[in-house]
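To keep things simple, chains are lettered A, B, C and D as they appear, and every chain counts its residues starting from 1.
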Amino acid sequence: MKWKEEDNTLQATFEFSDFVEAFGFMSQVAIIAEKMNHHPNWSNVYNTVTFHLSTHDAGDVVTEKDLTLSKEISKIFEKYT
Amino acid sequence: MKWKEEDNTLQATFEFSDFVEAFGFMSQVAIIAEKMNHHPNWSNVYNTVTFHLSTHDAGDVVTEKDLTLSKEISKIFEKYT
Amino acid sequence: MKWKEEDNTLQATFEFSDFVEAFGFMSQVAIIAEKMNHHPNWSNVYNTVTFHLSTHDAGDVVTEKDLTLSKEISKIFEKYT
Amino acid sequence: MKWKEEDNTLQATFEFSDFVEAFGFMSQVAIIAEKMNHHPNWSNVYNTVTFHLSTHDAGDVVTEKDLTLSKEISKIFEKYT
């Protein structure tokens, strides 16, 4: 299991073969996040993308929305492995 | 072999599982195209991306540049299959 | 008015200063299109993006969905001018 | 001046009207970064994009490469204001 809950956020780091691949993944995640109207706190350096998911409207804790988004992100990632 | 030469362009169509995946692929191709400073004539409808590659500066014929770009595009596509 | 209806599609072409800017615009349109679950037939060459909008499920004619998407696209484009 | 040097990184935060606009900007920056072969440490939450630029190969300090990238990023941002 890639995701872990810590400090009231759902966290995971994904690694790609290079920046171009990492950004292809980010583009897919961006579309899904906007569609769910639930946006991640995420960062990227070169081939690595890290997420800290929590729900602002619920007081910055992990909710069902974060679990759903985390599953969608993992599903997108599968294709890149 | 996915690519064929016709009407002085190098053509290929790629199919994905959905629009989100197609656009992830397009984002990667966009980065590579700009890096090569060689931009495709490409179109997209839902899960399909079609290319017509030719070299404007050479009089709109297929050149080495198009061959190189076509190989890069095929390489990016492999991951999505 | 940028859009015109012809051959049962709503058509428009947008021009940018370069490919990078054109692709920034395309990324925004991609997100909006997926969110609306209405995907354009669109093509790009360098700094130009062309749309042919119609509604497949209605028999490939222009519907309210195309009008709405065309307005969203125009709104995104405004920022780039 | 948007950028400041702190902790051996060049830092700036950019704000947009929404996530879609922020991601359009990120797509442009991604293309430029890959072209320069100099990739940012950047993060995004909703309408905000934050950069921490430094040069890994130089021992994680600010170099000319970071200055150049910061200027390119600022130039891309101008269009969105």
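Everything that follows uses one rule, which is that a residue touches a chain if its C-beta (ideal position, glycine included) is under 8 Å from a C-beta of that chain, and two chains touch if they have at least 3 such contacts.
Since the model is a prediction, treat every value here as computed from it, not as a measurement.
Enquirer: Between B-D and A-D, which chain pair shares more contacting C-beta pairs?
Expert: A-D
Enquirer: Whole-Å distance, chain A centre to chain D centre, using C-alpha means?
Expert: Centre-to-centre distance between chain A and chain D: 20 Å.
Enquirer: What's the distance between the Cα centroids of chain B and chain D, rounded to whole Å?
Expert: Taking the average C-alpha coordinate of chain B and of chain D, the gap between them is 28 Å.
Enquirer: For chain A, write out the residues touching at least two other chains, lowest number first.
Expert: Expected reply: 20, 23, 26-27, 30-31, 34.
Enquirer: Assign the assembly's chain-to-chain touch graph to one of these shapes: line, ring, star, complete, other.
Expert: It is complete, because no pair of chains fails to touch.
Enquirer: Which bits of chain B are touching chain D when the two form their complex?
Expert: Chain B reaches chain D through residues 27, 30-31, 34-35.
Enquirer: What residues on chain B touch chain C, complex-wise?
Expert: 19-20, 23, 26-27, 30, 33-34, 39-46
Enquirer: Report the residues of chain B in contact with chain A in the complex, numbered from low to high.
Expert: 20-21, 23-28, 31-32, 76, 79-80
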